[in-house]
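Take a look at the structures below.
In what comes next, chain A is part of two complexes: it sits with chain B in the first one and with chain C in the second one.
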Partner chain A sequence: MKKFMQIALGIVTSVGGFLEIGSVTTAAQAGATFGYKLLWAVLLGTICLIFLVEMSGRFSAVSKHTIVDATRERFGFPFFAIVLVGMVLVAFMVLVAELGGIGLSLQILTGLGFPWWAVPVSFVVWLLMWKGTFDLIENGVSLLGLVTICFVVAAVKLHPDWHAAAGGLLPSLEGDQKAKYGFIAVSILGASISPYLMYFYSSGAIEDKWDVSYIPINRVIAVFGMSFGGFLSMAVLITAALALKPYGIDIEKFEQAALLMTTALPKWGFFLFAVSMLFACLGAALEISLAISYFFAQGFGWNWSENLTPSKDSRFCLTYTIIILIAAVPLVFGIDPIKVTMISMALTAATLPLAIVPFLFLMNDPIYLGEHRNGWISNSVVAIIILISFVLAVISIPLQIIGG
Partner chain B sequence: MDLIRDVLDKKLVDREDCPMGRVDGLVMQLGEHSQPRITHIEIGGQTLWMRLHPVFARLAVKLGRAWGPKRDGSVRIPWSRVITTGKQVKLDVEAKETGAIDWEIWIARHIIERIPGGGEEEEE
Partner chain C sequence: MRVKRLLVLSLILAAACKPPTPAEQLDSILSWLGTAEMVGNVWLRHTTPDKYSRQTLELSSSTVGQISKDLLKSPPAGIDTAALDSALTKSRAMITKMATLITAKNSPEFARQLDSLRADQKALKRLSDTIESKQ
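This part shows the complex of A and B:
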């Protein structure tokens, strides 16, 4: 029963990691501009993430090391420093976007502009980290994210043509707007295959004291949790295809994305969208802040745990305090969170090889994993992900300039 | 023992398993008539950043002098204090006494404990 509860909770909380401002905005843009045609990108991103998350959990459960620990130990400090700079810069931009997403949700709910919310929102995120435990962040806040199921309700209420939607699961070439099509596809993949999720998940396995007996649980959580998240992203895309595309509404502002719910749920749609985004972005902001702090603490060998009193892991706590403080600054000056989101998703795609290539080596290292190292199926999938990540790295920036 | 694989960059813990950083560098003694041997483990920003570029190391030293626990140079611990190597390196020392966690203590005292909730409660 205990393990069943762990699995159920793990699946539900995975949504918190999957659905955030990046995945919602990119899926809504895809649906509003290209109908069902980009569903394949969500599916591909979800499959990649299932494999990466499963491997991250297995790595930590077996080796009792996080991916960051092992990256520094196996590849040395000079290489680790490059990964650190790349990952932290991108994760920081995603954090700005998530804090902005919370601010924009509050702007919709209250009418007060999001720059006014930047400081209070950052303070609440910091306070939850300061006073909360890992369980509170992982389970409590993520459970609130369940409200995002309203995207599925909205999609079903709009009676989609399931046959046409299924056709979108296979990649197709777009006749017009090729650059924009490519840019949104890259952004969807960047939003789905987020390296910070791997680092967070691997650190979470250590926080939760996983061992080899957790390998089956880890597999179930990775498959069903990430599928659940991907399913919700697809619901956003389908809703946008039916509610926004017919009216030619292209999403450049957050308020336009909020419209996607009002066709299906005229009375509560706007409110539900704002609340869903509020909780999804809050969960993501907490996870990213933790992931960045974990990265520094594990890389430099500091004391770290979200379950310790702050004075016991002072450098870890100071890191998230500074990161959250700095992330609030651009928002106070009114930087558009949607633009930051789109840029950060493309940059995530561009920096993917930095995270995935060393990961392949680690997953095959007998010193860390012994008999639990990757088999040929997992290795083939990671090789394909690396191939995709290199393609994304090369095309993401030009596509951002041409189609973004 | 493969020094790069089994020792360098590995996590360091003291005899009570308290984390005290990573093996940032190793000091080797070269004798004319003897085999080279590892004499010390080094911990600290100066050694670590020197591995990237001397400019970073100089910056780390300047930062250390201007702010923080005012420690000159990296911490050196004799190799004879190594108890075990492997997934982590265990040392027969007390972390606090070596100076390896001076920054952790300094930040706790000067910043974290001054913020409400930073130090009073028991661990959950």
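This part shows the complex of A and C:
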């Protein structure tokens, strides 16, 4: 019964914590511009995420190491430093985007511009980190994020052509706007396969004291939690295809995305969107702040745990305090969070090999995993998807930037 | 080696890339006109806050103005520039008017402006299709 409850809670929190500003913006852009054609990118990203999350949990449950401390131990500090710089820079941009997402949600609800919300929002995120426990962040905020299920309700209420939608699950070549098509595909993959999730999940397994008996639980949570989460992203894309595309809306600003559910749910759609984004971005901001702090603390061998009081892991707490403070600065100056989101998602995809390749080495190392190391299926699926993301990123990012 | 080749290929492709074409600029204008139309439809049902609706219409108007300015600097060949300028100016004025009508809470006049905006959108869409077919 206890294990069943753990699985149920794990799946529910995975679903509630799945969407964030990156996944919503990229899926909505894809749907509004290309209809169902980019559903394949969401599917591919979700499959890869299922494998990576399962591996992250298995790695920590068996080896009792987090991915970060094992990376440093196995590859040495110089290599770890390169991974640290790359991952932290990208995660920092994502944090700016998430804090901006909370501000934008409050902006459309109140009319007060998001730069005014940057400091109060950052303070609330910091306070939750300072006072909260790992369970509060993992379960509490993710449960609030369950409101994002309204995207599925909206998609179903718009009566999509399921046959055409199924056709979008197969990759297709776009005739016009090739660079934009590739860039959005890359951004969707970047939004789905966020390395910070691996670091967060692996550290969470250590925080929750997982052992080998958790391997089946971990597998069920990874498969079902991430699959249902992937459905949420697909629902956003389908809703955008049916609600925004007929108006010819090509999402450039959050204000346009806010119209997403107003056709399907005329009375509550606008407010549900704002509240969904508020909770989704809050959950993601907390997870990213934690992931960055875990990265530094585990890499440099400091005390770390979200369950310890700040006096017992002061350097860990100082890290997220500084990171959150710095992340608020560009928002105060009015940098558009949607632009930051799109760039950070594409950069995430471009830097994926930096995070995933060493992780694949670790997952095949018998010293850490013994008989629980990866099989050829896991290795192949992840390697192929990462290669696709990287190639797409290398080709489409310069095209999109220079092409405007 | 393969990565290097990919990087070089990307740079060559990137260098060959041009700024937005007139057709793309018109598409972007149509996107913002579509946004204004959708905001208008939703506001008439009284299901969005007035502030959001007004601010989004103002944003649509200023963005349409900015893109129009760029578009008219190098207008598409074979198109009556004066007519295009007039259509864009009229659309922009209508969106600005709609924003002020929200403050005045004048729904009947707002609905009339919205109908005119839809008609203008159709005309601009035809123009955009003509430009695209000529490319």
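In this section, the second predicted complex is superposed on the first by the 391 of 404 C-alpha atoms of A that agree within 3 Å, B and C clash if a C-alpha of one lies under 4 Å from a C-alpha of the other, contacts with A are read in each partner's own complex, and residues count from 1 in each chain.
Here is the rule we use: a contact is a pair of C-beta atoms (placed from the backbone, for glycine too) under 8 Å apart; a residue touches a chain by one contact, two chains touch by 3 or more.
Keep in mind the model is a prediction, meaning the values are calculated, not measured.
Q: Kindly say whether there is room for both chain B and chain C on chain A in the superposition, answering fit or clash.
A: fit
Q: Contacts for A:Phe300 in the overlay, against chain B (first) and chain C (second): which applies, first, second, both or neither?
A: It touches chain B, and chain C stays clear.
Q: Mind working out whether A:Lys253 is in touch with chain B, chain C, both or neither, as first, second, both or neither?
A: second
Q: Answer with first, second, both or neither: which of chain B and chain C does A:Ile395 touch in the superposed model?
A: Only chain C is touched by A:Ile395; chain B is not.
Q: Check whether A:Asp69 is in contact with chain B, with chain C, with both or with neither, and answer first, second, both or neither.
A: first
Q: A:Arg315 in the overlay: touching chain B, chain C, both, or neither? Say first, second, both or neither.
A: So A:Arg315 only meets chain B here.
Q: In the overlaid three-chain picture, which partner chain does A:Leu109 touch, first (chain B) or second (chain C), both, or neither?
A: second
Q: After the superposition on A, what does A:Ser213 contact: first (chain B), second (chain C), both or neither?
A: The answer is neither, since A:Ser213 touches no partner chain.
Q: Superposed on chain A, how close does chain B come to chain C by Cα atoms? Whole Å, please.
A: Minimum C-alpha separation, chain B to chain C: 25 Å.
Q: Indicate the residue numbers of chain A shared between its chain B interface and its chain C interface, in ascending order.
A: In chain A, nothing is touched by chain B and also by chain C.
Q: Would you pull the chain A residues touching chain C in the complex into a rising list?
A: Contacts found on chain A: 108-111, 179, 244, 247-250, 252-253, 255-256, 258-259, 262, 266-270, 391, 394-395, 397-399, 401-404.
Q: Residue numbers of chain A touching chain B in their complex, please.
A: Residue list for chain A touching chain B: 63-65, 69, 72-73, 76-78, 80-81, 130-131, 133, 300-303, 307-315, 317-318, 367.
Q: Chain A touches which residues of chain C in the complex?
A: Chain C residues touching chain A: 3, 6-7, 9-11, 13-15, 17-20, 27-28, 30-31, 33-35, 37-39, 42, 45, 47-49, 51-52, 55-56, 59, 125.
Q: Quick check: in the complex, which residue numbers of chain B touch chain A?
A: 4-5, 8-12, 18-22, 24, 48, 51-52, 87, 101, 103-105, 107-108, 111-113, 115, 117-119, 121-124
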